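For reference, the structures are reproduced in the following blocks.
Note that subunit A is present in both complexes that follow, paired respectively with subunit B and with subunit C.
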Partner chain A sequence: MIIILTVGIPRGLLYYRYETLWKEFFNNLNVKYIISDNSNFKILKDGKNKCIDEACLSLKLFIGHVISLKDKCDCIFIPRIYSLEKTEQVCTNFNCLYDLIHNLFPDLKIINYNIDVKRKNTEIKAFINLGKQLGFNKKDTIKAYKMAKEKENIKQTYIQNSAEHKLSSNKKKILLLGHPYNLNDNLIGKTVSNYLSKNNIEIIYSYELPKKYINEYYKKISPKVHWTMNKELLSAFMYYKDKVDGVIVLTAFPCGPDSLTNEMILRKKGKSKVLLLTFEELSSDVAVITRLESFIDMIEGCVYA
Partner chain B sequence: MKKIISFPHIGQYYHPIKKFVKRTTNIKTIESPFITKKTIELGSKYSPDSACVPFKYNLGNYIETLENGANILLQAGGGCRYRYYAEVQETILKDLGYDFKFIQIIGKDHLRINEIFNIFKELNPKLSKIYFIHELLSTLLYIKYLDDIDELIRHRIGFEVYKNSFIKLKNDFLNELDNTGGIFKLTYLYMKYEHKLKKIKIKKPKNTLKVGIIGELYTAMEPFCTYELEKMLAQYNIEIKRFTNLTYLLWKKALLRPYIKRKTKKYCKYTLGADGLDNVYRVLWLKKHNYDGIIHTKPTGCTPEIGAIPIIMRAASDNKMPIIFLSFDEQTSSEGMKTRIEAFYDLLNTRKEKIK
Partner chain C sequence: MNGYLGVDIGSISTKAVVIDDNKKIIASSYIWTEGNPIKAVKKVLNNIKEQLEDKNICIIGVGTTGSARKLIGTMIGANSIKNEITAHAIGTLSLHKNVRTIIEIGGQDSKIILLEDGIVTDYAMNTLCAAGTGSFLSSQSKRLGVNVEDFGTIALESKHPTNVAARCTVFAESDLVHKIQMGYKKEDIIAGLCYSVASNYLNNVAKGKKIKSPIIFQGGVSKNIGVKKAFEQILKEKIITDENGHLMGALGSAILSMNNKLKEPFSFKISDSNFETNAQECNKCPNHCEIIIVKKDGKKLDAWGNRCDNGKIAT
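Our next item is the complex of A and B:
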């Protein structure tokens, strides 16, 4: 058995989806962990140099985070996800993430788990496996997982309630639609959200959608979508589109699933105002700010007209 | 209104597909017009920018065939983005103002004969299940024989003595198979043509270059998309091995999966999505069988392959296999690729002489 002292968690991709769960799980087991810093241009540059050109911006950032962590900890935590629901899939980047990092850095020690609901590898099984790799027995792991899951649920309910609360505010409201790893990233989503809050606009994030609506609203726009994460985005769009003043769709270039679902959003948006922002490896945010400025002008102008 | 069924192109598979649809539904079936520059221009005009190239080719096919009068369109589905093509394409075409019925044959990520039968039953209420299964089997057999003949031709076409002798034979073969129904007769015809094919004169020098083509499925199977890469290689007298064909995708892939997983253990712990892991395995296979080089083809922005490429690169450099990565988009000028293939050919030649 190998004793692991510190686990490194790259601040990218799935981190933003499972933040609470992972942190609480490691806390409960008394495993020390470090999380890489917020994305910056050095991280992006490192990731870009290591990865092939055509990979999407989020993946490049993730690899940059791995590079920044790799000398600071004993092992890095990279889960692999194939399917979160029985008949659905996720972006293939999550399928190959573990093997990709393993082959890019052959000497790096990686701990991981595998969720593949289609082949009966559920989340709890995955976490038991993770606990085994860290050297804990089944009982402790399950206990830690259950406690962490509870905390995650509490936090999610809190976030969802606050979103409902935000909807009743008097300010102009804008829905930021995109994957959590894009919306919360320092180089991608933060540029937008900082600018919007500076302009006194209430921001609603697409991941704040209450869970009960996820399996309901997407059917109105695209019943056949088979990516779990994009299904959530489509549901969020349909639920919020009439409740907010405008929608900003954030995408990293070139995102595979988004390229098609965004087309559906743009074609079926009806009368709601949608701005599509595609992020590339930009070194300045001026171009983005210009477009945001005109979008806000448009939203405010519409009210007075 | 008279019903006309149509479907997009992928290589020469329109022969078996057309035969199958026509015989099971009794409805007039036309294939879409052959892919030309105009097809891809139309397709990319109405597609989202960052969609992958097969999407654009399919959409171009649909528009052209709708102009020709088709009003029932068929689309398949699979892993990755392909499974979602149908819905987006339907929406785009409806927005363009066409009136048609859109049918997705494989809507989930598995094949179920019952589901497919129900779809065809709707088109042809008189369809009996036994007849349907017979037709399905005979079509699968057709596809298998077509792939087998292709495989044989691919090994020989670079060295033919009389020009076009193989293409002529293949056209005859397709013509006869199109008009044959029975399973036994199909087998007989295949054996006849296999025999004929092996008799065609070839002049094969002793030390020829052997190259394997790996990569994404559409670029592997649709020659127009890769500027007829295989023809170009044949002109250089290169023997070609290509893995992806419909036979492989329909049943071989699932059967081989445990074996492939075992063989690629050194590089991968899990499957990579779509054909990613298969391509890693193919690198090892090509090394084992003494091939000289590898050509990897994919459409620009193909997510599964992008994830797999760093792993393929490592496997290739571990095994000292020369490999070239070609990415195809909607541009139709082949000069850039010709230069790269030429350079790759020179590299393989020098390398071979050095080893000798």
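Our next item is the complex of A and C:
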């Protein structure tokens, strides 16, 4: 059995979805881990150089994060996710992430787990496997997982409650809609959220949608959405669209599932105000700021004397 | 008499107007930016100065808009620096109170603004792609050996516009070469190009938006009568173009400056000063921000582009 000293977690993609669960799980087992820094232009450049040009901006960043970590830890943690629901699928990036990184860096040690609910590989099974790779027995692993899961639930409930609270704010409210790994990335979503906060806007993030609505609201747009993560986005859009003053849809270019659901959003938006922002490898924020500034002017509607 | 100056510095052209207290245009200038916004602004300011020479006007507010709004705004000490959408909407509203749709096609941007009761209710700008904008037309005109200014009148001669794929500038060009080699008439190809600009705009920028009349068509491309006709054919609505259509952004920013309470007299002497810009990479963190420094007569005026305080430059 190999004893692992330090696990490296790239700050990208699934990290933003499972941050609490992963950190708590490793903490409970006393496994040391490091997380890569916030995205910066060096990370983007390194990722871009190693990646095929057709990959999305978020994947390029992820590879950059792996590069920034690989000499600082003993192994990198990259799970594989195929499906989170029996009849649905997640983006192919998450299907291939493990193999992709393994091919790019054959010498790199990777620990992983595999979730594929379609083929009965559930989250708990996946974590037992992960524990095994780290040298822990089944009992300890399950205990650590359950405790971590509990913390994750508490945190999610807290986030969801505070989102509901934000809805009653007196400020202008904007729903920032997109994948958490884009909304929270230093180079992508932070440009937008920093600008909005500076202009006294209350931001509601699409991932703050209370869980009970996820499998409900998307049906108003389409009876079936094949992509789990985009189903969540559609539900968030339908739930919040009339409760906020505007919606900003944030996409990394090129995203397959997003191109489909963004189209649905634009067609079904009705009277709500929607701004679509596509992020590519831009070196300046000017174009983004122009669009944000005019969007705020529009929802405030007060400059038109 | 008081006057307000509005300057719209776009990628292709630079526009300036001076209005009086009644929002009436008393002087205007329209020139090519030619890749040098500072030089272009000095030139429009000199034009405006000449036009105002025998009038007793004191300019007490300056507004800027367009892609170089920040640079020029800093340079000439603007009290209002606003985005193009807001400036265009305000400028247009001051002349056409009941406008519902503004179609604007400029050099590298194209946008649609929808209004209701004088308030912007929806808008869109082209995202990553500049297909179907003015730069598309001007690059095709070079290939055909025709002045882009003559495009409209030539297009009107055509009886059978050719289909040109305008989804992407690169593909449009190869389609165009093919059509020329096949022996299509020049006017048919040009009319086809104008038609494809309009349909491309409606399929991309205006996708999913309800276009209601009165519709106003602005921006440099609105001077092209062929594109205007194409819009009328596709939308089956009357399209209004204004002889001052290209000045709406500048007019809007002049009005915005007038509405701003902070006012300061403006002197045309500014165009005698020597302005310099300098781009330098900040190496204090891995972000490597590009910082733009503006200097007036060798003295630092302002700097921007830094994402964090590490890159702050004292001015």
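Brief remarks on what is shown
Convention: the second predicted complex is superposed on the first by the 301 of 305 C-alpha atoms of A that agree within 3 Å, B and C clash if a C-alpha of one lies under 4 Å from a C-alpha of the other, contacts with A are read in each partner's own complex, and residues count from 1 in each chain.
Simple rule for what comes next: contacts are C-beta pairs under 8 Å (C-beta built on N, C-alpha and C of every residue); 3 or more make two chains touch, one makes a residue touch a chain.
In this text, all values refer to a predicted model and were calculated from it rather than measured experimentally.
Considered on the superposed subunit A, subunit B and subunit C are sterically compatible, since they fit side by side. When the two complexes are overlaid on their common chain A, residue A:F62 makes contact with neither subunit B nor subunit C. Of the two partner chains placed by superposition, only subunit B is touched by A:S259; subunit C is not. Of the two partner chains, subunit B is the only one that A:K224 touches; subunit C does not reach it. In the superposed model, A:E280 makes contact with subunit C only, not with subunit B.
In the superposition on chain A, A:F77 makes contact with neither subunit B nor subunit C.
Our angle of interest has its tip at the CA centre of subunit A and reaches the CA centres of subunit B and subunit C; in the overlay it is 80°, to the nearest 10. In the superposition on chain A, contact of A:R267 is made with both subunit B and subunit C. Of the two partner chains, subunit B is the only one touched by A:L104; subunit C is not. By the document's definition of touching, of the two partners only subunit C reaches A:D297; subunit B does not. When subunit A is checked against subunit B and against subunit C, the one touching more of its residues turns out to be B. Annotation: superposed on chain A, subunit B and subunit C show a minimal Cα-Cα gap of 6 Å. In the superposition on chain A, the residues of subunit A contacted by subunit B and by subunit C overlap at 253, 267, 278.
Chain contact summary for the complex, subunit A toward subunit B: residues 51-52, 54-56, 80, 82, 87, 89, 91-93, 95-100, 102-104, 106, 114, 222-227, 253-257, 259-264, 267-268, 278. Interface residues of subunit A facing subunit C in the complex, by the touch rule stated above, are 37, 40-43, 253, 266-267, 273, 276, 278, 280, 283-284, 286, 290-291, 293-294, 297-298, 301, 303-305.
The touching residues of subunit C, counted against subunit A in their complex, run 67, 82-86, 89-90, 93, 118-125, 127-128, 207-208, 255-256, 259, 285-290, 305.
Residues 48-52, 55, 79-81, 83-88, 91-92, 95, 104, 107-109, 267-274, 276, 300-301, 303-304, 306-311, 314, 327 of subunit B are the ones touching subunit A in the complex.
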